[in-house]
Every structure is written in C-alpha cells, then in structure tokens.
Amino acid sequence: MKNPQVIIKIILYVLVFFLMFFPFIPLFLSSLSFGWQWPNILPDSISFRAWDYVLFSSSGTWQAVGVSLLIALIVTVVNILLAVPAANALVRNSFRGKWLMEAIIFAPIIIPPFVAVMGIHLTFLKLGLTETIAGVVLAHISPTLPYVVRAIMISYQTLSIDWEDQARMLGAGPIARFIFVVMPHLLPGIVAGASLSILISLSQYLITFIIGSGQVVTLSILLFPFISGGDPAIASAYSLLFAGMAILTLIGLDVLLKKYYQQKKAVTN
Amino acid sequence: SQNTDNQTAEETEQLLTSDWQTIADSATGQQVNMYMWGGSDNINRYIDEWVAPRLNQEHNVELNRVPMNDSQDIINQLVDEKFAGKSSGSMDIIWINGENFKAAKDNELLWGSFSGQLPNFNDFIDKDAPEIAYDFGEPVDGLEAPWGKAQFVFVHDESKSPTPPKSMDELAEWVQENPGQFTYPALPDFTGSAFVRHVLYETTGGYEQYQQPAASIPNLETQLEPMWDYLNRIEPYLWRDGETYPESLAKQDQLYASGEIGMTMSYDPALAASEVLKGRFPESTRTFVLDGGTLSNTHFLSIPFNSSAKAGAMVAINEMLSPEAQTAKLSPENWGDLSALDLTLLSLEQQDAMNAVDLGAATLSLTELEEHRLPELSSDYIEIIEKGWLQHVAKE
Amino acid sequence: MWQKNKPYLLLLPAIGTLVLLFFGGLFDGFLKSLGYFPALGQTDFIVTAYRQLFSSSEFWASFNLTLRVALLSSLFAAGLGALLAISLFMLKESTNDKSSSIWHRLFQLPLTIPHLVGGYIIVLLFMQSGFLSRIATNLGVIDTIAEFPVLVNDAFGWGIILTYAWKEAPFISLMIYPVLSRIHQSWRDVSRIFGANRWNYIREIVIPVMMPAWTVATFIVFVFTFSAFEVPFLLGVTYPSTLPVYSYQLYTSGTLADRPEALAVNIILASFTVLLGVVVYAINKRWNAVKGWD
Amino acid sequence: MSDLRIINVEKQYKQPQQKDNPAFSLQPVNLTVHEGEFFSLLGPSGCGKTSLLKLVAGLLPPDHGEIWVGDQNLTRVPSEARNFAMVFQQSLLFPHMTVEDNVAFGLKMQKVEKQQRLKKAREMLEHVGLQGYGSRFPGELSGGQQQRVALARALVANPRVLLMDEPFSALDPGLREEMRDLLSRIQLEFHVTVLFVTHDREEAFSLSDRIAVMSQGEILQVGTAKELYERPLTTKVALFLGMKNIIKGNVEEGCFRSMDGCFEFLVDATTPHAPSYVIVRPEALQLVTEASPIGEAAIQLHGTVEQMKFNHGFYSVKLSVGDSPLTCSLSSQQAEGFCVGQTIVLQIDKKDLWFVNE
Amino acid sequence: MSDLRIINVEKQYKQPQQKDNPAFSLQPVNLTVHEGEFFSLLGPSGCGKTSLLKLVAGLLPPDHGEIWVGDQNLTRVPSEARNFAMVFQQSLLFPHMTVEDNVAFGLKMQKVEKQQRLKKAREMLEHVGLQGYGSRFPGELSGGQQQRVALARALVANPRVLLMDEPFSALDPGLREEMRDLLSRIQLEFHVTVLFVTHDREEAFSLSDRIAVMSQGEILQVGTAKELYERPLTTKVALFLGMKNIIKGNVEEGCFRSMDGCFEFLVDATTPHAPSYVIVRPEALQLVTEASPIGEAAIQLHGTVEQMKFNHGFYSVKLSVGDSPLTCSLSSQQAEGFCVGQTIVLQIDKKDLWFVNE
C-alpha cells in the first residue's frame, strides 16, 4: 500500500526538478554572467550589468511592463464583458445555429490569430488603429476571447438554472439575480479566464508588433530583439523579468480571489 | 502632437530649402521617433543616455528610440503606410543602409534630399567620397545622412590560432586544419552575405568588375562558379559539417563566445573589443583583415516620407553627426562604431579627442582599417548572390 | 419575442467582435491572397499566389517541417502530460491530502511562462555549448562541443519540439486532470473487487476514460504548434522555416508583391487546421455521444 | 378566500434532440387548492409534476391557461412578483451567504430594512429549530439542517402559496420522517397554502389534505388519501398506489367473471356489462376459521400459500387462487398456523370489492 | 460448507481533520454468514456498515481479526484475489465500456478468453432481463437498468460471496421493489451467499434470511426479521426498527408500573426488579367492542384519539393514554366509528408485551 505512493512521489519530485527548477538555472546564471566559457558550469565571474540595464537604465523596461499590463487588463475586461453573456447563451439555451456560433467563437483557438491580423492590418492602418493601444487591444481580443468564454462556460455549466429560479421565487429580479447569485458563482471561472487572457495577451509578439508597429512597446517587443540574437545576458534578465511578471500577475489574481472570499466570510461573521 | 499633424506639405517642403535657424526653431518641442534595431544594450544606451538627453537639453527635441527586431520591418511598415495613404506617420528617423535603402528609395519611402541642410554634414563630411555618395552602389542623393562606418573584420582567438589567415585560400587551409571551427551566418544574414562577397572578390578576380550593374555582365552565372566551388569546398569542414549555418551573426557570436567555434566575423570592427569588455568574448580575442582588403560600408540615418516631425528629425540627425556625438560613439564603452566624419575636416582638438579613444586591444588601428578598405557592390548582386547561395550551397 | 431572440442578443457582442476582427481579417486576407488589391487597382481574382506556392519546393519543405514539428511536439507533450496527470491522480487517490493540489499548481508553472521565454530557456539548455552540454562535459560524457547533439536551430526542429513538449505538457495535464478527477473514487475499489490490479486499473479504466479529453488537448497543442510563430522563429533555421515564419518572411519582404503569397500561406494554414479541427470534433463527438460521458 | 386556481394550464415542450421519444406535453390541468390546504401532486418520475409546479410558479410560461390566486390573475405576473415561495429537492442555499442572509434574502429583495429582516430571519430559524445557526455557512450544515433553512427561507416572506418540489427526497429516511412532522406542524401554525410534489405515496398520504395523482402529463384523480385508496378511478391509479389484487374480468348478466374463470360472483344489476377489473384490498381479505362468522354478502376463496413475508407485525401472504396470484395480510398470530404450500380459506365482503372499468 | 466467517474484525479510523468529532471505530465484530444465506446489515447512516463491508472485501485493512471463507483464511489476500463480488449504491459502471464489456470485466481480469466471456456476459444479462442491451453504453440506460447491469457484473464471475452496499437506495420506490424481487429470485437461483447492507428496514425485512442490526460501530442483535421485531434486545434496536409504543417504567414487586403511573399490571414473578421498558406492538392492541371477547390475560387501556392517519388500508391512530402517547392500528372499518377527541378502549394480551431492560 505504501510503496506505490513513494514511487509516485519520487517520480513527481524528479519531474518537478527537471521541468520546473532546472531549466531556470541557466537563465538565471546567464543573466548574471560575465564571461562564461564552455565547459564551465558556473560563470567565471558575476556581473549585474544586464540587470542594471534592464531595471535601472533608461531602457524603458518599466514603461513596457506598464503598457503590457495595461493592454492585458483592458483586453481582459473587454473579454469578460463579451464572454459572460455569450457563455450564458451557449450554456443555457439550445437554439438554431448554435453550432455555428460556437464555431465562430472557438475558431481562433484553431486558426492562428496572426492570419487574421495580417489580413486586417492595412484596414487598421487606414482606420488609424495601428500604433495605438486601442488597436493592439482589438488585435489581442480574438486569440484570448475563446479561452475566456470557455472558462466562463464551465462555470455556467455548474450553475444549475435552479439557483436562479430559487432567487426568482424569493423575489429577485434579473439584476439582483445576476449580482447575488450568478456573479459569485461565476467568479472563479472569470478569474480562471482572466488569468488565461492576461497570459496570452502578455505573450503576444507578432500581432502586437504588426499592429503596434513599434509604437506600442510591450515587454515582448523589447525582449524579442535580444532573444533573437542580441545580448544573451540581457535576454536572460528580460526573460526572468517577463516570466516573473506573468507569474506575479497570476498569483496576484489568485490572492485577490481568495481575499474576496475570506472577506465575505469575515464581514458576515 | 497637434501642430505637427497639421503641417502642410508645403511647410515640410520648405524645410528642404529654408535656413537652419528656421528649421531648428520649428523643431523645438517636437518628439522624434527613431526606429532602429534594439538588440544591443550598448547602442540602446548610447541613444537613450548620451544622445537623447543632449538633444532634449540643447534643442528641446525629445528623442524616442523605438526598438525593432529587423530593419526590414521598418521598410515593410513604411510600404504599408504608403499603400494605406498614411500621411503623418510616427517614424521620424530610421536607421538603414544597403538593400533597405534601395528598397526604400525604389518605393519612394524617403522624404527628400535633406542632408545638405545639416550644418554638421556640410562641415565635417566629405560628401563626394564614394562611401558617402553611394550606398551599396546606389546614389544617396541626399536622402540619407551618413551616421557611421563599418568595416568587415574577422574575429579570432589569438590563443587558439596565433597566425590568422590572410587570404581566402589561407582561410580554406585553416578551415580544413581546424574542422568544425569555422562557419558563417546563413544568408540572407547581412554579415554572412558580406563574407560571401569577399569570397566573390577573391575567387573571381577582384572587386573592380562589380562596380557596374549586374545586368551588364553577360555571363554572370558562369563567372560566379568559382565562388560556389570555394564555398562548397570548405563546407564539409565547417561547424556541424556545414549541414547548417548559424541563423544570424548574433548566434554565431554566441558560438564563438562559448568557444564552440574558433573564428567569427563582424561588419563592426570594434564589436569584438566591446564584447571582450562585456566579458562575453575571451580576453585573447583579436581581429584581422585580409591582405586583399575587406568590405566597408556606411550606415545612414534617413527621414521617411510621412514623418510628422521632420524638422526635429533633421536637428536630431545633425546632432548625431556632431564630432562630440561621433567621438562618443567611437568609444567601445558606448558602441565602438567608426565615425562617419572626415577626420581632416575636424579641428585639431576634435581630431585629438577622436584619436584618444581607446579602441581596445581587439580592434585594429584606424589606419590599418583604412588601408584595407574595399567598396561594396551594388545591391542587385546581393540579391543574386543570396538566391544563388540558397540554391548552390545551402540546399545541396 | 425577447425569449426567442435572447440567446442571439446575448451572443451578439462576442460574435460581432469576432466576425469583425477575426473573420473580417481572415476574409480580407483571403481576398488579398487572391491578388485583390483595389487600392492598387487590382480587382481581379487570380490564383497565381497559390499556384506559385504549390509549385515551390520551399513551400513544401516548410509544410513538411511544420507538420513534423507539430506532430512530434504534440505527441511528446501528450505523453509527458499524461504521465503528469496520471501521477498526480494516483497521488491524490492514495494520499487524500491537500499536497496533491500543491503539486498540481507547481506543474502549471511552465504554463505561465511566455513562449518567448520558454524558447529561450531551451536555447540556453540545449545549445551545443549550452548548459546540458557543459554538464555532460563535466561528467565526462562528451569531450568536445561538437559531440553534443544539435538540438537547437537544427533543420529537424528539435529545439522547437523540445520547447513545446516542455511548455505544453502541463497544458495537457491541466486538460485531462479534471476528467481523471471525475473518475469515481470507488472505481478503483470496483476494479479491485473484480480482480484488477493497479496496472489493469490504469490500462482498463484510467487511460480509456481520459482518452477523449486527451485527444482534444493533443489536437489543440498540435494546432497551436502548427501555427505558432515566435518559437520557430527563434529556434528554427532559415531554410526550411515553418509555415508561419515563412509567411512572415514573405509578408515583411519589403514589397507588396509578395503579400498575396504570404496571405495565401496563411489561408492554407488556416484551412488545414480547420479541416483537422472538424475531423477531431467529429470523432470526439461520436465518442462522447456514444458513451454518454459528457 | 384566496384559493390557488390552476385553470386549463397546458404546456408542450419543444421536440427534444433524440428523435425517438416524443416531446413531453402537459395536458390541460384544472385544479383548485384551497387556502390553507395541504395539496400534493403525486406521480411517477417524469410525469410532469415539476413542470406543473414551475408553471404555477411562473418559471415556465404556459402555452394556454391561467393561474389565479383569489381574484387576481397571475398568469402574466413574473415569478419574482407573485409572492410565492418554493422549496426545491436540493436545498439550493446560496453558498456564499450565511444561513441568516439566506433566510433574509427574500426580505432583502422586498427592500425590508436590514435590522428587521435579520430579526425576522432569526425568528424563523427558531421555528425550524435552528436557533444559533444563523451565522454559519450552508456548507457547515447537514443535509437535513440545510433543508430546514430552505424551508425557513421560503416561509419568512409570508408567501401566498408555498410550492415544494420533492423537498425531502434527498434526505435519509429517518430525517425524512422528522422533516415531515416539522412541515405538518409548521403548515398548521402558519396556515399556509401548500402545493407539494412527491413521488412517494407514503409521503403524500401522511402529509396531505388532498392529493392529485398524475401520470404522463395528465391528472388522473383528485381526492383524499382514503378516497384514492378505496375508490381509485382507474387501474393506473390503483397500480401507482401499490394495490396488489387487481383482477381482470367481465361483467356479464349481473355476474363478474374473472379472465381465468376462478372468480365468479353476482353483482348489482346496475353494474354495466363491460370488461372491467375488480380490486381486492389485501386487508379486506379475512381468514375463515371455524370461529369466524360468515358474512352474508361475503364471497369465499380457496387458495394455496406461495410465500410469507414478515413485515411490521403482519405477514404479507402471497396466495394462488386458481391461476391468479392474490395477496392478503395476516397477523402473526393468524399466520403462525400456516406454511408455504398449505391451503387457506378467505372471505371478502362484497362491499369491499371495487370495480374499475379501465 | 463454505460459510463466510468474520472473526473479531476491528477497525479504528485515524483522527479526522475536525477535532470535535472523534474518529470512528468499528468494535470487534463476529459474524457467520452461512453458505447460500441472504444476510443483511441494517443500521442508520454512518454506523459503519460500509466500513464493515469493505473490511470483508479487503478494500480496507483490518486492525485486528480475520476473514475466513470455509477453511481458507482470506485476511491477507488482496481484494482482487478474493473472488468476491460487490454491488455499490451507485452502479459504478465504467462509462467508457459497453454493458457487455462491463459485465465481462471480471472475467477479463481472470483472463477468460474473449468469446467465452462475452457469451457468459450475455447469458447473465438475460438473467437480469436485459437481453439485447449488451452493446449499449451505461449512459444510455436508466438507473434501474444500470443497477441490473451492476448485479450481472457481480454475478457473472461466480463469486464466493456477493457483497451489496445499499444497491437500491438510489432508485425510485417502484423500481426498488422490482429490483428486490429480481434479487430474491436470482439469489435463490444462483444460491449465492449475500452480505447485504441497507439502512431501510423494509428492504432488510423483505429480503433477508437473517439480519444484523448495527449502531455506532457495534452489532446490536442478529436474528430473523420476526425475532428482531417481536423480541428486540434493546430499546435502541426497537427504536431503529420503528416501533412506536416503548413505555418506560419499573418492575417492582411482580408488577410493572410506567413512569407516569398510567400503566400498571402484574408480570411474571421471574421478571427481575429493575427499571425497564415495555414494548407494545401497535397491531397487538385490539379494539374492545361489545362483540369482542375479552381475553383472559388481556390488559385494558382507555385512551383519547389524538390523530388518525390513513395509510394503506389501515388507520394509524395516535392516542393519549394518561400522559403517554400510544399508537395503534385500526382497519378502516373499525376506524370509521371514531374521530379525534373521542375515547377508545383497547386491550392487549400479556404475551404480546415485551420487556426490555435498556
């Protein structure tokens, strides 16, 4: 009885080490390296040059972080506003052409978004949407929306219509029902969708570049020239910063959600 | 900003004729976007921390560097803007040369003949020098102003190869003696392509014959054969048996930096020194040129047709051509890029300041470089060579 | 009236946005791939771009590479992801404590790493002069750099494959884990009662049950890798390049003349993924319908 | 008087996905539930009980028909404005609100001021025996306690009609009985009109003033428990109420003759000639002993004991009378004398026989 | 003879998360289930029925004690090798296998060749009335059909013992009865030893040869249905069996006197002096009418009718006799004469009284 559990644990420890921990070692070392000849496992000496450049010079890192997060945030808010009613319709109703609607909403998972972006680029240019945050936000919607809809649909699926019926029977109108019954239930799904949406938005290079045309500088735009053959120390430092930003944002969301529930409990107690 | 958007075509045309003071005045308060490759912290820092503050202080022009992954993207974007009829774009200064310049010029993406308006251009630059008047064989026509010069050098590790080859034949021998230690970036990489052009010059009898359009050479195909032969001859001894080539010079530099290969190359003669300074390249890194000379070219700054801050761009470019800016740029600590100025036109102090820059042990002296300079050939050859390389070398 | 149209009204914002931004773009691209550039005075439809592509060996080389890379990455990710999910599931079954959820979170870490960074990590690890090669040398496994296999920027695409296997395995496990956790706790008991040992249990119950979700997840990874740009751009070779990179190269070649071809590549890419999607959807739908599992 | 009147209410669901089973339709329903009455809808699963309840609640729009309470037509009034209350099978407490807040929710929707609604909620919790539980969360209660909270929540806003959809079927049997008692008590106390849905005969019998038996979207019979049990209108009702001895036969020439010919007795001349069924309640079958008096109108039957099951003090004895199986109840005392295979003589009073045509 | 013997089996769960309720422990259990016997474990929820069943099945390791079948000690044999079968509350069919494959699963694990195991599976499906359903998936069956498949799956491998854990409690009442009949029939047919767990008295009574009543991890009494009903060893057993009239009192000087003093009658001299309870079965209370003979050993009681509920042909009448509530059963005929508030005279034979100490 005991044995298989130990084996599973060992497998997991090994996997965690090789998948989660090990890959970051060279990234970390490289960001601090000063001269790192093969086959030395550790750099010859340590230098904070890369970090200094990334964090403290006028490299625009912080601004880029701000722009990235701003875009991700707007995209996410827009997505949620679009996705909640859509998820409701898809889960709660069966109607003519439902499959088509689903196909339309989930198509961007299958069809790469840059295909559409390349197509629409010139139109955006004519409309003056290129080089603007608004344009980039619009471009980020199609690759992210399907995931948000999906996450919220899953939440909706577990929200039986009975709950809303119950609230109706207690005299709650449509708005009260949404606020008191639907919203609290959807929240975890919304947070899950938002996390995905933020993550995907942060990672976009190509469509940000095509639509932003260099004027909308997100972290991935800053990072890309370094990674694709610029200074490796700086590329590593940026990569760590980028990964850190993504992880922190997600952890932040998670903590906020937990806080929300805790507060609910605390207030009512 | 508002006032720049409302600039009429006439007003901007005036900039090409009016006096400098007027231009400087109308530049005041403008924000200038400079689109350039963003993968080097040195260059970025030079712009952000040396040029931009000075421009802001002295001319009240705000310089905003926009990082790009590839200059080709700049041209592509301009093509789109032109096609879409976007008349007030956000690119004010672009950093280009060679093919990109030709593409821009052919597509009429550049604003006009502005360089003659710049005081520093007029004062310190030898306008008639071929490397200034021509960009890869293409007449510059004042559409762009020279910013710096580059010369092709080979980079090697003195501790591994004390006597570097001095010609292509010697290089071939070296490669065969040191299998896996040499390679060049896959074309169309700029530096890789330059390396192949050296092979062209040396295996087909000198550079002079290529100073005319490619179309005027009747049997170019056969004439290029020796070049492909040479490249195919060394291929088996290249890094990874020549099955693949590094994607880019940067990747090749990484290989060199980590000791995977023993030789790399650069179109920037001071790059090696700067990399040593950063600790990336070993201390024993040195550069060398071929006895037959190496290619050199000039890189330029230009103003796109739809720039919204043309006056500001002119002021900024003028500033970047100042002897102080060029001297600072020469220093490997900042960038290590050769000056575009003609030394003889500078004052003695300015000359001294420039000569006093320590280029580092890895960099050849300015005179050594000067003595081994070959001109570039026009870009129609480059296209032929790049296509041919794919066909004759890479795919085989 | 409102009741009848309610779902449509609720869907309108999302559908409208996607139709405008996504399908509009797609359609726009499609027209342009046919050489329809009214602004340039071209209003005829011509299939030159497609004909050129289909007759160019470069395109086919690209296509083959893309297919191979996508196939191998999704298969590796699928294997690794299933291993992860099953281990987590077995752990949860046998311990019953909260630690399994911590494990679960831990394994989602690669998901949160942007692809660009993921690709770069693989470069640093697997370059011939990378971290692994250094370790191998220090362990005495290899002596020279050249002995380390070429896994990054290689023509086969190993670098890309490794990146996606690493990045997407947690995604696969995330997709199948909920299905596994729907496996009734008591099924293990049932199977034991009827004489199944642990291995029988995994083979007869766990794997078949997770199969549908697994195929969908694998398909999503396949499509994703098939149409991804960033990682192949960073970790690929110039020739052949994957289809998205090829399209990008054509798109940014600096002349509008190459645009139709670039967009044609996109359209082919999209059609291919949609076609695959339809097939997988059909298979899976039958699967689910038959089993009444969803 | 504010009776709840369901007038000709009708509902047809749209065609479901699967082609083979046709869409469910609820036949026109007419019912009046008197004020303060406890009225149950009893029927097998899927017969449309919940649908009817939802129609009454306004959660489903009817195709035809009207819902009235007293002299007010509620057909077009949305659910939230009807001032009905409903308790579902699952307690459906809002998990993110405390018990108190759950109970006070209806009052909150009626914009009752906070202090007051919490006060009322606490009072109501006391009524259902949950004083002191107000600040817990639903997740911290047992199933029975949750259902009590749901009941309190339904009652607190003083609803005109309380609708209940199998509220206890998810509970343990013991708990179920306890909750039934509680509900009986509370219903008397608050004098609330209750429309109760169940598929459990015991439950319906033990709680209701009147019962409507439903089957396949139709109301088959309405009446008190005793009426239904002793005078079912159709065999369907009889079957659903679990009656054992339903004997098929014919009435001919003033005489009922069962199909297998084993039963035959004279009936009233008024009984129409037709194929019909006679229902013999097991407890109406009396054991014939030497001592027992033979009723005048009694019919005697001879059977063989097939099976004897002890069940709560009684033996349920299965006999075969001719080819027909028949069940009767014997007390343990009476049963002691018998064992399987033995012959037994029973008699039944003619007035305990009940004829049904279909 | 291969009886199933449970010898001193004992199990203590580890301390659960919540501190306040202590960990459950199963007291040492000794039981013998004879070959071919239908044996039920009856007890309220949480009393440890499932735990005991899992101990027998080997799904839980016992702390002490042994499990034998015939002369084979199975205590250390893993579940998968015991050749037991089990049916759970939820049918727990594998949703990704057809019905046939589900049924054949056990045979597959025994490496029976494919043709043969499918043949056997089909045969077994026929036995449970599901011929032709073999190639469906469990999702396409109703709850009752699923449970039949689960039964078939359990029986097909010819198990030594069939363990059943409340297999019908998730089903509708009607279906439940049908399944019980099926199970009875099949058990006789296959002569399989069954250990059956339920919390439903009716179910246990109607199915079992013998029953063990459990409570809080302990076995209180083992016996046939009649034994348990008529002679419960403790009030706990009596309460759990749903007995109504349990009267607390004292035996003093050959005389039982209830706490409130309303009952008083002479008892055998052998009855020990002690606080004790007397249990009066409702059906043992006889209505005293002019006609009815007064038994010699009968005790007469005078009560007031409090409530009358009609239930399946009988009236369950609640009386108050002095301060004590008492319940009796009357036939409808008898009940017709009474209404709430009236006085009623009952008698009971002394031999129908049952004394219990605790």
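A few remarks follow.
Order as written gives the chain letters A, B, C, D and E; numbering starts at 1 within each chain.
Criterion: a residue touches a chain if its C-beta (ideal position, glycine included) is under 8 Å from a C-beta of that chain, and two chains touch if they have at least 3 such contacts.
A quick note: this is a predicted structure, and the numbers were derived from the prediction, not measured.
Counted as hops between touching chains, the shortest connection from subunit A to subunit E is 2. Hopping across touching chains, the smallest step count from subunit A to subunit D is 1.
With respect to subunit D, maximal separation of chain centres occurs for B (centres as means of Cα atoms).
Interface comparison, A-C versus B-C: the pair with the greater number of contacting C-beta pairs is A-C.
Measuring from the averaged C-alpha position of subunit C to that of subunit D gives a distance of 57 Å.
With centres defined as mean CA coordinates, subunit B is found 38 Å away from subunit A. Mean C-alpha positions place subunit B and subunit D at a centre distance of 92 Å. Each of the following residues of subunit C touches two or more other chains: 129, 145, 251.
Looking at subunit D, no residue sits in touch with two or more other chains.
Residues of subunit A found to touch two or more other chains are 1, 38, 122, 224, 228, 232.
In summary, the structure contains touching chain pairs A-B, A-C, A-D, B-C, C-E, D-E. Residues 33-38, 44-45, 47, 49-50, 53, 57-60, 121-122, 125-126, 128, 131, 209, 213-215, 217, 221-222, 224-226, 228-234 of subunit A are the ones that touch subunit B when the two sit in their complex.
Within the complex formed with subunit C, the residues of subunit B that make contact are 70, 72-73, 75-76, 79, 83-85, 100, 103, 107, 180, 186-188, 239-240, 243-247, 251, 254-255, 258-260, 390, 394-395.
Those residues of subunit E lying in contact with subunit D across their complex are 44-45, 172-174, 199-200, 202, 205-206, 224-226, 229-230, 242, 281-284, 309-314, 331-332.
Interface residues of subunit E facing subunit C in the complex, by the touch rule stated above, are 54, 57-59, 78-81, 83-86, 88, 90, 92, 94-97, 105-106, 108-110, 137-140, 153, 157, 163.
Only residues 33, 35, 37-41, 44-45, 48-49, 52, 65-69, 73, 77, 80-81, 83-86, 90-91, 247-251, 254, 257-260, 278-280, 282 of subunit B touch subunit A when the two sit together in their complex.
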